[in-house]
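One chain, chain A, links the two complexes that follow: it is found with chain B in the first and with chain C in the second.
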Partner chain A sequence: MGKSINVSLIGNPNTGKTSLFNRLTGLNQKVGNYPGITVEKKEGICKLDRSLKAHILDLPGTYSLNTSSLDESVVVETLLNKNSKDYPDVAVVVSDIENLKRNLLLFTQIKDLEIPTILVINMADRMQRKAISLDIELMEQELNTRVVLVSARKNIGVDDLKKAISEYKNLKSVPCVNASTIDPEYFETLRKAYPKQSIYKLWLVITQDVNFGKIDRNRDLEDLKSSSFAVKSESDLKKMQHKETVVRYQFINSLLTKVLNVDKSQAKDLRTRLDRVLLHKVWGYLIFFVILLLIFQAIYDWSTYPMDWIDTFFAKASSWAQTSLPEGPFTDLISEGIIPGLGGIVIFIPQIAFLFLFIAILEESGYMSRVVFLMDHIMKKFGLSGKSVVPLVSGTACAIPAVMATRNIEDWKERLITILVVPFTTCSARLPVYLIIIALVIPEQEVWWIFNMQGLTLMLLYMLGFGAAIFSAWVLNKILPIKRKAFFVMEMPAYKLPMLKNVGITVLEKTKSFVLGAGKIIMAISVILWLLASHGIGEQFTNAEEIVKEQYASQNLSEEELTNKIASQQLEHSFIGYIGKGIEPAVRPLGYDWKIGIAIVSSFAAREVFVGTLATIYSVGSDEEETIKNRMRAEVNPILGGPLFNFASGISLLLFYAFAMQCMSTLAIVKRETNSWKWPAIQFTAMTVIAYFAALAAYQILK
Partner chain B sequence: MELLQYILVAVVVLVALGWLFRKSLFPSKKTSGCGDGNCGCH
Partner chain C sequence: MSDTIAHLKRGEQATIVSFNEEQVPLKLLEMGCLPGNVVMMMESAPFQDPIYLNINGTYLAIRRETAQQIIVKRHG
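Here is the complex of A and B:
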């Protein structure tokens, strides 16, 4: 009977490892074209020559040896435990010709364990079609290993691999990356304490406790856990692991620059053809613009139907509660605070669902990586990511789904900057405020025969919002003391049809995250705002009905007019009314009176509340734009005389709403996404200060 | 009946205020949350 050696097949998921296993062993394993097909060890025998057999072990796919899941830990356990019956005499690392950069990370880690290693580059049959050339000889020299080109699917190179395995005694067991450079002092101490052990193996044992924990390993390494080497904090070890990854990718980048060449102009495959169009200097941007337009349309237009149904449903529920439940303050809380508060959460679901439906499709199809490639170099100048374009554009519909959409930005600094600047973009809630103020203070006249002055003003406000977002991003990039990731590995994934299940899960997860995360904050603030707006102290509030009836006794008002006057009187003397009056000295230099002050305070719930609050204060009792507009036009400035809403105060209000963070839901979602009140507090303060001074400057110059 | 309604309002408002207060002053300590750039959610 001949000799038998252990051969482990290791590689990233989806590199064709199982196909190669089947070629080598002749077993019929299940093969799928999606990551994670191999979830346990699979074994088979391969006859290499008359006297040598290989016991082939197909290990679960893993991206690196810094594992965190049970099936991935099987790989580490096998490679660390020399006493294991499966410990490999040869490790065959399977990579995919199209994803070499990512695949080589795992290879360099395994090589550093000083196990004889062969690098298999699978799917080599695609090289010609994709115009990829590889200097194998140089690669073997640089990596100190055997490199074999294989196509498991077409049975090319499998015999070469068998030959390479049978010559395993010639394989060098030397590391290719010196990981100890990440902390030379620490590694030197480690080396001195365990001179007989592989330094990288020691490092992996220590870090596996951070990554995973209970791994069966050699007895002589067991004491490491309790030794002084494990005393580095978890975050320090994580930082060291990140540094190690950086060092490895630097090595891989430098290697691939020397050995790999891709001539895209000669490539003939579908992916390259698609890339040629989608990444084209003109067509690429045009197609992306059309896709953005589609997303914008979905959030802005399509979602209005379900939003209207939700709005109607909650309005009816509120009215039902008011009429059906016993009269009293708790019924008022339910009908005016809790139900509208719930409605204020649920109403965002259609926009969130539409946006994430598109984002999930773009991610799943592989197009999002192309977007990053297209936009990154432009957005990076302002401290943003290529992926920031989607949140910035969707922010013009609503900042809430937009802030949530920043989750796919990998770099924390870029993500934070995007979160902080997105609320500057003109969301749909600003529109009712803009439209009514523009109609009041901007003349409806034509400009150059085709444009309308009011339309131009609205367009300028949109541009102002976008400009403010970009400028703030640039400033934040300069002042935020957060380090950017030192490396950026971008691989273009293959195009594929999005899986309905994955898309559905993403939409469901994001919606759930909003409802359960930010929803609770919105609900709590809604209850408090309700209390402030519907309660007050003093006779003017408690006897509002009698006071109004007495005041207007001679005017013979209708019941509706009287109800409106009472509501106005109550709001004026409610807690929120006192706050509005309290801030009057601060808002007077902006050209506002206390009534606008109340509207500003109450519109913290949502910007569009501004119009409704003014309707209540002016006792209009209707949200009809024309009615409120006429009432606002008639309002007189109590100090200066003349119309309160004139050009100067109108522009001042427009600028205030363009820059101010008047949206509790956005603050709630920023809190949820940054896991801290610090960032929403900074955002609220900075935006309010900018809004205040912009409005002040505008009023003082124009009055 | 009205007294009961006032009590219920007071309870709801206190719960809302207390919850917001706790959320802002004693944030959850879970390290896997967003905000540290290593939260696994992006």
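Here is the complex of A and C:
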């Protein structure tokens, strides 16, 4: 085995850093989290030559080393902590030819940390079209570094980069900007106190917390913060950082006048023309709306085909296991617990893959920033920003991919709020429940000529979900005691054709992280729910078959009817049946009986289970909607008499399903994305309480 | 009253004169929003918020309240 070195890829967002990472590592990469936080950690292996391997870390995109977000602080932490196992032997700073000036700011900062640094200039294939010329040799001299021109998109120069990395020992680690000129006296005392440290490193440690809240991590310079050097007030430090930025730009400007030549007369780009249309006050919104419809259609409609196949496949696998394996509790566990549990995970894959396919394309093409731009003003009023729009809209298909889509939101508070409110939006699993209850309690009547009462009710429910999400975002923004950066600065990247490789890898990674992350929890809860529904104690459960046979002995039932009656008897006396009866006093004020209680409890696995559970309880035996509907219509309220499903209890149920957090898969993914059980627990409790009281009020007023 | 970025019309260029250091985030400076640099108004969303600019070659969007803090001199 050869030697392995650590390489960190660092760069501004939108420089094609991830494309380059994908070029270097291919599928030889893994995505995880930094310990204790939810920032994505991407690492991979690249073989440089026969004896040397590079362990490549793709650090989150950042504009500078002055941290203002969790992502950026990860970059700084990695570069400051020499003891960390990720500390780079070489830092590769990725810049793009069109934004060289701004990209170099970060480069000068990293160079000043005295880490061996290579400057990569990406998108070099655009140089000719943009009439840009660059004196690489002079640039290498002035910056004291290696400069490599690449095009990750066209796969040009990647081998040169590998070669440059493998020659990392020749890199000079000398600073290029003397930051101490901003306050020579202060820096001189600092240097005397810590003669062994790089001066810029000391400065970074001191200023790290100015723009961003403190994060506790082991650091060899922890004493510095409490020392006399931190006496400068926060606003003084801020002013010095401003000065530092000015000094760095002076250096960069004088460098670029020497090495860079742009013929502006030739630079007429696509951007202006496209933005005229895509950001137009009317067309812009219309186009966005059409794109949303398309995404919605894909998640909602196109994915039903693969979902049906998955459904059929797992149903077949389950019955195969039941018939082919020896009879016994273990076979039941496999065929009724584990296989459906697995199915419950795999069934979401098409929706997740579709959503991330679209998101990756929008992101890669540069359009996503335009969406944020268009929607920011409206969302700002509710404490969110334009970045929350896509998750909230995706939530109407399924909350799981929607929660995962919040990763694009940098601000933690905003992201958390979005995650917490997304499950209010009407997801597709609520639809079967809505449809059957609406059909039962809302008259099929035309209003204002063209509208149908039932259709209107459904639309109102969608609006209710969205309204609840927006309103709770507003409330959460007021009450959550999390500091947020109060400003909004967003780069508007150039339009690009999405790269198939990047899109593919994103879809693959997101799907994988769902299956491995949330999948385990979904699996566990499915098995528990199955255990509760299929086991019970007492004669009523164990002798269900004889009891039913005896009871209906005179009625001459068919084989199928008998099986259904037995299943119903067993469910009634299973643990879940007892739970249903146990909660009956709690749900009676909402207008439900214990049977609906059971359906609600089992709905916590997934809402759509509601219909199936009622089918089992009413021993209908099939999921045929008409049959269940007729059976439900005939059900009588045990206390008040009259139909159980009337207008009052129907509205109450609709409201309950609109607000309640009845989806363990979503809870599992929220746990994964927030890295704690605290937030899913709060979300579950709050939503269930809201649902309960909304349903209670509705029933009590309407009955 | 001097002009701020928020006063610019679409396509109009100006030179950044000064800004309130407390109100303007460091991030904006890092993106090249420094006195002496040229800014051009690209587009604005309805209600002039947010505003889409080209500052010193970088394309970015900022909210109206930030744009109002940055004093500029219009190019005649």
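Assume the second predicted complex is superposed on the first by the 434 of 703 C-alpha atoms of A that agree within 3 Å, B and C clash if a C-alpha of one lies under 4 Å from a C-alpha of the other, contacts with A are read in each partner's own complex, and residues count from 1 in each chain.
Heads up, the rule we're going with is that a residue touches a chain if its C-beta (ideal position, glycine included) is under 8 Å from a C-beta of that chain, and two chains touch if they have at least 3 such contacts.
Predicted model only: the values in this text are computed from it and were never measured.
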item	value
Which of chain B and chain C A:P481 touches, first, second, both or neither	neither
Contacts of A:M492 with chain B and chain C, given as first, second, both or neither	second
Touched partner set for A:T272, first chain B, second chain C, both or neither	second
Contacts of A:T245 with chain B and chain C, given as first, second, both or neither	second
Touching partner for A:P443 - first (chain B), second (chain C), both, neither	neither
Which superposed partner A:S369 touches (first chain B, second chain C, both, neither)	second
Which superposed partner A:G642 touches (first chain B, second chain C, both, neither)	neither
Which of chain B and chain C A:G538 touches, first, second, both or neither	neither
Common ground on chain A, meaning residues reached by chain C in one complex and by chain B in the other	238
Chain B-facing residues of chain A, complex	238, 326, 328-331, 333, 338, 406-413, 415, 482, 520-521, 523-525, 527-528, 531, 671-677, 679
Touching residues (chain side chain B, partner chain A) in the complex	1-2, 4-6, 8-9, 12-13, 16-17, 19-20, 23-24, 27-28, 33-39, 41-42
Touching residues (chain side chain C, partner chain A) in the complex	21-22, 25-32, 34, 42-43, 45-47, 49-50, 52, 56-63, 66
Chain A residues within the chain C interface of the complex	63-64, 66, 68, 98-99, 101-102, 105, 211, 235, 238-239, 241-242, 245-246, 249, 271-272, 275-276, 279, 281, 369, 372-374, 376-377, 380, 485, 487-494
